[in-house]
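Structures follow.
Next come two complexes built around chain A: one with chain B, the other with chain C.
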Partner chain A sequence: MTGNMHRCAICQTNRAQVIRPKNGQKICKNCFLEVFELEVHTTIVENNIFPNRGERVAIGASGGKDSTVLAATLKALNERYDYGVEFVLLSIDEGIHGYRDDSLETVKRNAGQYGMDLCIVGYDALYGWTMDKVVEKVGRKGNCTYCGVFRRQALDRGAKRLNISHILTGHNADDIAETVLMNLLRGDLPRLGRCAEIMTASLTSPMRRSKPLKYAYEKEIVLYAHYRELDYFSTECVYSPEAFRGNARSLLKELEKIRPSSVLDIVRSGEQLVHDMISPGKLDCGGPNDQCEEGRGLVGSQTLSNKSTNSELLPGAVLEASHEVAHQTTDGSRTQTIGVCGKCGYMSSQPTCKACVLVDSLNKTEPPVEVLLSGDRDFY
Partner chain B sequence: MEFEITMADIAKLPKTAAQNLCKRCKLNPPEITMRHEALCRDCFQIYIRTKFTRHMEPYRVKKHSKTTKKLLLATSLGVSSTVLLDTLHWHRALQVERARRSEYDVYVVHIDETAVTGDITSTTNPSNNNTTTTADQCLEKLKEKYTQFEFVKFPLEEIYTISESTSTIEDIISTTSGLSIDQTSTSTSTSTSTSLIKLRTLLSSLNSRASQIDLINILRTRLIIEIAKQRDCEAIFFADSMTKMAAMVLAEVTKGRGHALPWLISDGPTPYGPAKIVRPFRELSKSEIISYTTFTSLWPYSIISKETATSPQRPPVKAKNQTIDEIMLKFFDDVSNAHLSTNVVKTAAKLEFADDRDRIERLGLCEICGLPMDEDPRVRKLKNVVRVDNGGGAGGNLSDADARIYCLEPPEGEEGLKERRCYGCRRSTLGAGKINWPVNNR
Partner chain C sequence: MSADTIPITVELAGGLELLFDNEKKLNINLPAKMNDGDAANINYLVNYLCVHEMKDTRREMFEINGTVRAGILVLINDADWELEGEGEYVLQPKDTILFVSTLHGG
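Right, the complex of A and B next:
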């Protein structure tokens, strides 16, 4: 080998240290950090993620690698390119001992490191149940359904409390590719049509949700966190069974081995599957899939059964209405009627919102537990 | 009391009896459990044939039809292909028996790819000269068994000559009709060898075996379609099982061809030409077809041995050299995943893009795969949401970002590639430079 072996393909001066999975380019550490940030910036600009200057935006922060990298890059990019937005960290305390309590410590440190405000919303305070107690009651199977439904609402409530209407999540390209495969495997057509969307808004949530790391490989996120020496928490959720997603995940890993661009190619395919018949924002099946902040730990069969029980709960007229929504045209002349949950006052297409239905089912055989949902009502 | 019969006894009686007999005919002992039903081989055969016949509606004997329809059956000589051949033969024979004539003729086409894939056939028969390959032996056997059908073998490299002129194909057919299998004796052997060089150059310019097999698959389909065009075939029959189709769907999604899914898997007209695509086994699983092969003793008529088809372990391919298609087939071969194939195929079949109708006119066809072009997701979304007609100004910026985000920069001097080649084909030909592509869209 001569002296100029493996020079960085971009700057041509430094030694190449990184092989980019997207295109096999060998580049140096500095160019990698720059390219990574530039790609996130491009994603933000091209998708007009921050349309209004002066807006306060929440970053869903779990303390894990994805959300930590998201907060770090956004802070840097906001300073460099002057988006003119203010970021707030929003964390959910699911009440999982040995997992969330530790990761929340990380988030608290992050808040100091990035100079961002932090708001923590707890399941305990909102629903009267921690995930530890839920698991004690329902067992390990199916607990992710509860966690997902609760988290979606908790994030919304937290943001509302902060007077914020836009939440950023740390979903990366691998998460989205997995979800595309998963939705195909379990035949979930409506979700297939929107799982690759970068920005989602739905009728049952007043929030916009965006995924600025949508095109970032998990591998590169880990590498970025490593090079920037970011402070993150790397333990998996202690309850996560990952049965179905794990299946899609191992398939994706195998594909990535033979063609590293596969992850991105699946994301691209997923984007093409966004079809008008069920356009995002018009129909909300509100499954726990979108709600899982990290997007993992969901068992397919449970979602399905969960959905069916819910449609049984729907009065016939509502069912018909939602059926109509599915076939409406893009001009959006017809809209789904959204009411509020009779119990907690949260937005819902049904008389009782899904979270309350789940809380009720938990409380049923339990000696009456005081559900502290009323305290939230003034927010809506 | 010995005469007393309880309700429990009554409930027990027919059940125990039925357990030992086929659930449908209740005459023969069951030999296979299919979708929670124990069936005898006769009833299983009826089941398979019923599924098949459902797709044969347009080819039923009609009173006033004057011409005989021509159907092209594409065969890989694999298990499903052979079962489809056998089933078509049964269907046609039934027509002849009942109506004294048949509504259709079958033209069986096998595409020989061994020159570029270097398959087992050359290793089992090391001496190439004057030795017939296993594929040839298999074709001979099929010709003897199914005398009503016409069999032709085309080497894959024929794609370089077939689309040039119609006379070429007529030459090939006239010279091969007598001894269609022995292609070395054809007058086109010299042009074949130059075509083979062209094909090998094309494939060697690609960066992985995954890309090579992807383009070989495309070339095979396009050659079959060209042959169907030249022979005025009304429909092309593929023996794809549901399992195979599920693997196809996931493989194409993985290659970035999500936009083309409806065309890739649906039966009926194609953007390529007048011939319709029919996949009569799209509701049958691979394992059902394998069982059928055993029951009807069709194993000798396929180049896949029973051992290879039924053993879970595939011959080891170097992990890095696997193709996307192989990984997906393996995934659905796994018993624990087999049931998911129904979901995949049915979901993909339901996909319907509202902007499909004018997509071909708006964007044209991909020069490689011949399917409608895709569109930058952001341009497409913009159009759907805001309904902007002039994406012109923003389009320039977007294409730049597209290259940056997806890392699919066009090679030097090929700047317009994005308008001519779809995402998946750009990915498979990435870094190949200027390529000599044999087929044009018409």
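Right, the complex of A and C next:
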């Protein structure tokens, strides 16, 4: 096959080394690195991810490929395009021996490599429990629930400690497509819509969260890390991963093999469902697809300005803009009021926040309580 | 005509090294011909690695249906294997083949 050399479709000079999954384009290493960064920049600009110059923004950093690529790319883009923001690495120490202690060493090296401050928040200090101790108590089944609830609040608390109100996470297109599939399979349409949003503000979190790598394929993230020789950590958590997500993941990888655009197509489906849910009338649209497409933007923007719209379905940025205290829940039947947790004082829709409920159950000898799992993939 | 074996370098990354006793680089002399007499290709290499080099018993973490598991990237001399014929690519002496998993958490 050596005589079968492909030339780069962009520079027309170098040997093509990459096939882009989203469009099949064959390009060289240098052009790949350039378009990858340019696309992340486009995502940032089009979604106005950094509206305020001078702002400090946290990057949720695990030492894994996604958050490492996110930090490396943002450092390069911030210098090239002068976003005028300052990045801080925010890491969570779940207290998992042989996993997180090793990956935190990677994050510490990254902090030096990228010249960013690093803040580490530990479950032990926050909750009095490490995940190792949680697993000792509750076993390996269901321990991910504790970790997910704890992490979400830990990231918020870490950011608050840094006086930061915006957290970036390394979720990539594959992660989002997986979560869309999982929520579809669970029949959870409100979560399906939210997981596909690029920016979210939850009712129970004062933080804005953004996913600048939302349109980046996992394959391209790994290639970017490889060609840039980035220092990242790649070992799976020692406690059992979610079986359901594993199946969604395998399905997605198989689909990608047959039809590489599937990943982004699923992400787009998630986005469009949100729009259609904001405006249920659009579901009746019987015309050709492009006709639906045209109508969508208009109806969507009208609905967004409508105060009575179900806030659970609104994109996060819009939600954040309206500082209402009471919100309708998804079924519209009752009103959810945001207050503070009676135990820890953190924002909560219940008298006691989920993390405190879990900690209480751990501190007692009773069997663990069931707490609703977040539909989003709660890693960085 | 051709030698019995061809020297190649195999690299493992993204967590796959854990299946190979934490070895990130293997220099191996691969039989030049497969059982049917055809020249050795990537799929043959994948099976060879499972049989001769893998220390972990979970073969399905690396190989499924005669080729690498979906979600593992293969780079042939630093180029995406999709540009080179994927599993059918015929190995050449001194080739470097990188297997990198995309499947581990980020």
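As a convention for this text, the second predicted complex is superposed on the first by the 297 of 380 C-alpha atoms of A that agree within 3 Å, B and C clash if a C-alpha of one lies under 4 Å from a C-alpha of the other, contacts with A are read in each partner's own complex, and residues count from 1 in each chain.
Throughout what follows, contacts are C-beta pairs under 8 Å (C-beta built on N, C-alpha and C of every residue); 3 or more make two chains touch, one makes a residue touch a chain.
Keep in mind it's a predicted model, so treat the numbers as computed, not measured.
Asks: Once both complexes are superposed via chain A, do chain B and chain C end up clashing or fitting?
Replies: Chain B/chain C on chain A - fit side by side.
Asks: Examine A:S234 and indicate which partner it touches, taking first as chain B and second as chain C; both and neither are also allowed.
Replies: second
Asks: Should A:L162 be classified as contacting the first partner (chain B), the second (chain C), both, or neither?
Replies: neither
Asks: A:K257 in the overlay: touching chain B, chain C, both, or neither? Say first, second, both or neither.
Replies: After superposing on A, A:K257 lies in contact with both chain B and chain C.
Asks: Does chain B (first) or chain C (second) touch A:Y215, or do both, or does neither?
Replies: First partner only.
Asks: After the superposition on A, what does A:S269 contact: first (chain B), second (chain C), both or neither?
Replies: The first partner, chain B, only.
Asks: Please indicate which partner A:A125 is in contact with in the superposed arrangement: first for chain B, second for chain C, both, or neither.
Replies: The answer is neither, since A:A125 touches no partner chain.
Asks: Which partner chains sit in contact with A:V18 here, chain B, chain C, both or neither? Use first/second/both/neither.
Replies: second
Asks: Looking at the overlay, does A:I10 come into contact with chain B only (first), chain C only (second), both, or neither?
Replies: neither
Asks: Between chain B and chain C, report the minimum C-alpha distance in the superposition, expressed in whole angstrom.
Replies: Least C-alpha distance: 10 Å.
Asks: Show me the chain A residues, by the header's touch rule, that chain B contacts in one structure and chain C contacts in the other.
Replies: Touching chain B and chain C on chain A: residues 254, 257.
Asks: Looking at the complex, which residues from chain A come into contact with chain B?
Replies: On the chain A side, the touching residues are 20, 22-23, 25, 38-39, 42-43, 45-47, 180-181, 183-189, 192, 215, 247, 251, 254-255, 257-259, 261-262, 264-266, 268-277, 279, 330.
Asks: Inside the complex, what are the residues of chain A that reach chain C?
Replies: Residue list for chain A touching chain C: 1-2, 4, 6, 15-19, 26, 29, 62, 64-68, 170, 172, 174-175, 218-219, 221-223, 226, 234-237, 249-250, 253-254, 256-257, 379-380.
Asks: Which of the residues in chain C come into contact with chain A in the complex?
Replies: 13-15, 18, 70-71, 73, 75, 78-80, 82-85, 89-90, 92, 98, 100-106
Asks: Contact residues on chain B for chain A in the complex?
Replies: Touching chain A: residues 208, 210-211, 249-250, 252-259, 261, 319-324, 327, 331, 337, 340, 342-344, 346-348, 350-355, 374, 377-378, 380-381, 384-385, 397-398, 401, 404-407, 423-424, 427 of chain B.
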